[in-house]
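So that you can tell them apart, the chains are marked A, B, C and D in the order they are listed, and the count of residues begins at 1 in each.
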Amino acid sequence: MSEQSLLEIRGLEVVFDGFKALGGVDLTVAAGELRFLIGPNGAGKTTLIDVITGLTRPAAGTVRFAGTELAGRPEHKIVRLGIGRTFQTSVVFEELTVVENLDLAAGFRRPLPTLLRQRRGVSDEVAAALDTIGLGDLADRPAGVLSHGQRQWLEIGMLVAQRPRLLLLDEPVAGMSGDERERTGELLTEIARDHTVIVVEHDMEFLRRYASQVTVLHEGRVLVEGDVAAVQSDPRVQEVYLGRTREEAA
Amino acid sequence: MRKPFFRPLAVAALLPAALLTACGGESGDGANGGSGGNSGNTIKVGVLHSLSGTMAISEVTVKNSEMLAIEEINAKGGVLGKKLEAVTEDGASDWPTFAQKAQKLIKKDKVATVFGGWTSASRKAMLPVFERNKALLWYPVQYEGLESSPYIFYTGATTNQQIVPGLDYLKEKGKKKIYLVGSDYVFPRTANKIIKAYAKANGMEVLGEEYTPLGHTEYSTLVNKIGEAKPDAVFNTLNGDSNVAFFKQLKSAGFDAAKLPVMSVSIAEEEVKGIGVQNIAGQPVAWNYYQTTAGEQNAAFVKAFQAKHKGAVTSDPMEAGYNAVHLWAAAVTKAGSTDVEAVKKAAAGLSLDLPEGKVTIDGPTQHVHKTARIGVIQPDGLIKEVWSSKEPIKPDPYLKSYPWATGLS
Amino acid sequence: MSDRLRGYALFASISLLLLVVAPLALPAFRLDELAKYLCFAIAALGIGLAWGQGGMLTLGQGVFFGLGGYAMAMYLKLHDAGGDLPDFMVWSGVEHLPALWKPFGNVGIALAAVVAVSVAIAVVLGVLVFRQRVRGAYFAILTQALAAAFVILLVGQQGLTGGTNGLTNFYDVFGRDPEAEGTQRTLYFVTAIVLGVLYLGARQLVKSRFGRLLVAVRDGEDRVRFLGYNPATVKTVTFAISAAMAGLAGALFVPVVGIISPSLLGVVPSLELVVAVAVGGRYALAGAVLGAVVMNYAKTSFSEQWAGGWLYLEGALFILVMTLAPKGAVGLYEQARDALARRRGVPAPAPTAPQEVAA
Amino acid sequence: MTTLLNQLPIGLSIGAVLLLIALGLTFTFGQMGVINMAHGEFIMAGAYTAYLLQDWAGSQAVLVALPVAFAVAGALGWVLERTAIRHFYGRPLDTLLLTWGVSLVLQQAARDIFGAPNVQVVAPSWLTGRVEVLGGALPYARLFIMALALACVAGVWLYLDRSRQGRRMRAVVQNRELAAVSGVATGRVDQLTFFIGSGLAGVAGVALTLIGPVGPSLGTYYIVDAFLVVVAGGLGQLRGAVIAAVALGMLNSFAEFWTDASLAKVIVFAVVIGFLQVRPQGLFVLRSRALT
């Protein structure tokens, strides 16, 4: 076990009603790494993230985060250990303003009395997050009025405001326009500078531009692992993707 | 941007306050005038029954008979030369509402007296209101006894005029082993305490005592328990709709009146229809009055009531409500005033010929002397008297004159 | 900021209305009725918090109302009895004071129990159901069943609770005659002030970070977990606060009306409280208060005119509100205000459309 | 001991009543996510249908009333769905409150139309006997209710599993948008679902005339129990409803045998709460990956 490995997954199995969604996954992510997780539909990418964040219980295997076993812990306790995630369909609180959303995300570390007081002004970490995602102009608007892309950024901002050690992003650019992808890519690079990040992504173009280390999942197992170029040239990967979508395998 | 929290609140408080203020103006009552409802050309009397909710079924009939009595009195010129004016209120089958409406009748309408209530709970809720305000309530329903408020007149039976005669009848018929079934509230529990004391003193055996929640409709387990215990008779203090389920399920399990007599104290002519006569025909009930009770007074009462309410039956509580109005009117006439203390004084020992026969008010307890009657339900849904105490029984709400009942209260 | 100032001015003028104008203008007996409505308003405030803000549709609030009411009534009964058994125990055949009753002879314990018992039960229930993520319709039905079971239990334990009769006939309420006009006036003031204080407290809570968190839990309970909070705790705390409010309301109700009985606590009275909140406007605390006062006033005055009609009116009103104005009277008011503002050419504030979380 | 054994068929028969009253509810709840508080009043409508048919069908009214009550209650449900509920999909709590308003109106309407007192429905003579089972008497009326419950369950199962309409219905349950895109007229499916669910309440109402009161408050006596069955059985699962009804019936029967009727109700409630601790979504759950 290397000194700086932050997340260690060994022999992870997940079974849904007899269907094996994950069949013995091993994965190690080092501190400070930006790791992309790819694979065709049904490969088990989201399931893997669900297990790490406590949404799904594994049938077998271990998930260790900085030396702590995660399996069996409730979601909010895993978050408190320093793991944050986004979802494929962004879920922000539409009734609350952008700042309130961020403030909420930054809030769980605060002592109880603060929770019972009214928010006055904007705290440092919220201001920083707001700055990172560039939604300063919309700070006091309800999140319900945001566009799809803005919502995704807000989610990422909420993640940053949580000050996690490990970020899990589930398809952050799905459904985004070209400009929005660009902006998200920059955001990602910026965040990856001082965080460990795992990104689940379908979009190969996005992958090529921003990824360094890639893990390919297929039918619930790790198929290949390595840098972008090595993975792309791997015949097994091409086979898996060719059988499905031409343009993605190009 | 701040959400104005307070503006809706303004509406919240202004509206009802304004409405209430409007009401306050209309009533215009400041200090207690003490006129006792006797003002101008009419005397106001309160009629307070549940006109909505679960108890409305029963209480509306009593309200109707009380209104009939008021009309009869007015037709004969009223009381003290003044017409009676009924102020009707709805207790809504809710005991606190009874208390508040009683307060309204006394304080706002300043009625001379109130006729009302059915359940013990409603009476208990109203009792403090009448006692503190020194106002009069006439309560027309048989009840569990152990009460004698100086500001209530009880024109229904107390336990020694209904339960005890019911037991006397069962004993006379040689029913030694009895099973007690009741709804889970005050009247059945108190009644069953008396029954158990009576049984102990009279060589009868109580095989079981079961209570079901009000509105209970599943009696198969209870019927099974009764079948196992094999009693000679059941003493039934179930209330309301539960009676329908109980008798239907008892009958379909094979227990009819011949096989297992069930003595009921809360089933009158009105309830028989809903239970279905084929399920209950031949079963005994204990009351003080039936629609079939002989006598000119009753014939007139039934005729007058049916003239107003087509196809309606008359029952014991209805008759007791009707009596209450006539007794009060007679007491007022005798006292020459509607003043509460004067009426109370005049009422003591007052005697009147009423549908159930001669009714006398017992001064100390403010209950009435009543003849106990055991009836059997007929195939036509009416009840035929098969046994009676012959003489009116002196009311004894605390059962002081019964040696076996010592320690009950 | 002017909004805020205007808000305080309005609160002050309403306080004036309730504390000065109403007592002067209304006859004692109407004032007593208003006090009763204010008791219901306190319970409704709790529902507004739990349901409107927290999304927990509690159909068993009568249970907590009852717990508070019985705690208070037990003290008053024991005080009246002065060392003997309370009257109803005598005719229920109870010979010794049950152990459950003994602590309630002490006024301090009884008053503490008004809140503590409600809170304790709410916490136990909350921990049990919220931890298991029972929510939405399931929670609603469970609380409704709780109300049904509670009433059956109360009615069945006649020697302990007075059965269907409940507890009534109090002679002495903290040294005063409960039927005297002066006492009723004092009780009215106490109730109005308690309502005001609780309203301000609830409003502060809603505006606090906790209040924001509560709204977040209502709109996306599962998402909140991934912000590092345990929604079960947030919900349990809120549910307990609303239970405490209902308990206080019940405790005030007892001296105001002079009775507490199971008929006040069952499925239907609990639902009626929710109806009142919905009609007033569930998303604003003031809507809950408004609804409770207006609906109960309407019920009283309606049943004085046309007894059977109240059910039609209540049902129809409710159907109309749910279909046409789900945000209740407050929502209609806000709509009208925004429409007016638009006509004047002032841009309306961003619409806030709370969405219910599907079960 | 024989009496104790006799509690078995009694438990079954209580379970059958529970199943009958909960079946329609579980149908609409499961298929549409609608919590219909007016379900009790649809039961009442079924019972009054039997009462009215007596004038025409005499003592066989109960039998004749079964299909008629299904249609009458179903029509009531259809009207409710068309006029109000269809605006409420996805808001289960709002429908709960809305339908409660409807139930108030229906109760008062029954009071005004039929009068406040209970009415009587005469059971056909062939339902008045009883058989000896395990040393106790099991009335034909109870057997009839059990058979009826079984028939209703079988009918619903066949419908959902074997008919094309039923398959459409299940498609809408599993994915409303997808079904709509695939050409299923979801609006029509909703109407039909509500018609059937409410119709089943009408059938239950006819059966209940054999054992209980027939009056304006009839629905209120059964609604809470019906909901408990639905909750314990799981969101609209037919299997779950059947097992939960029988289990709660048995529990009720034995709890009442050893304690009393009041305590038995409290015990049943406690057990359901306890059970939800183990299975928070009831007996059977539809799996879903969606994050609410």
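By our rule, a residue touches a chain if its C-beta (ideal position, glycine included) is under 8 Å from a C-beta of that chain, and two chains touch if they have at least 3 such contacts.
Predicted, not measured: the structure shown is a model, and the values here were computed from it.
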| said: Report the chain whose CA-based centre is farthest from the CA-based centre of subunit B. | reply: A
| Pair of chains whose C-beta contact count is the highest in the structure | B-C
| How many Å are there between the centre of subunit A and the centre of subunit C, using C-alpha atoms for each centre? | 44
| message | Need the CA-centroid distance for the pair subunit B / subunit D, whole Å please. | response | 36
| Chain centre separation in whole Å, for subunit C relative to subunit B (CA means) | 33
| request: Would you mind listing the residues of subunit C that make contact with two or more other chains? | output: 152, 155-156, 220, 222-223, 308, 311, 350
| Tell me, which residues of subunit D touch at least two other chains? | 111, 260, 262, 265, 291
| query | Using the touch rule from the top of the page, what residues of subunit A touch 2 or more other chains? | reply | 87, 91
| Tell me, which parts of subunit C touch subunit D in their complex? | 57, 128-129, 132-134, 136-138, 140-142, 144-146, 148-149, 152-153, 155-156, 220-223, 267, 271, 274-275, 278, 308, 311-312, 314-319, 322-323, 326, 356-359
| field | Touching residues (chain side subunit B, partner subunit C) in the complex | value | 1-2, 4-17, 19-21, 23-25, 27, 29-30, 51-52, 56, 89-90, 92-97, 99-100, 103-104, 107-108, 119-121, 124-125, 127-129, 132-133, 144, 146-147, 184-186, 189-190, 193, 211, 213-214, 408-409
| query | Taking the complex as given, what residues does subunit D use to touch subunit B? | reply | 2-3, 6-7, 10, 13-14, 17, 111, 116-123, 127-128, 130, 136-137, 139-142, 210-215, 217, 220-222, 252-253, 256-257, 260-262, 264-265
| said: Under the definition above, what is the set of subunit C residues touching subunit A in their complex? | reply: 204-205, 207-210, 212-213, 215-216, 219-220, 222-231, 350, 352-355
| field | Residue ranges of subunit D touching subunit C (in the complex, touch as defined) | value | 29, 33, 35, 84, 87-88, 90-94, 96-98, 100-105, 107-109, 111-112, 224, 227-228, 230-231, 260, 262-263, 265-266, 269-270, 272-273, 276-277, 280-281, 291-292
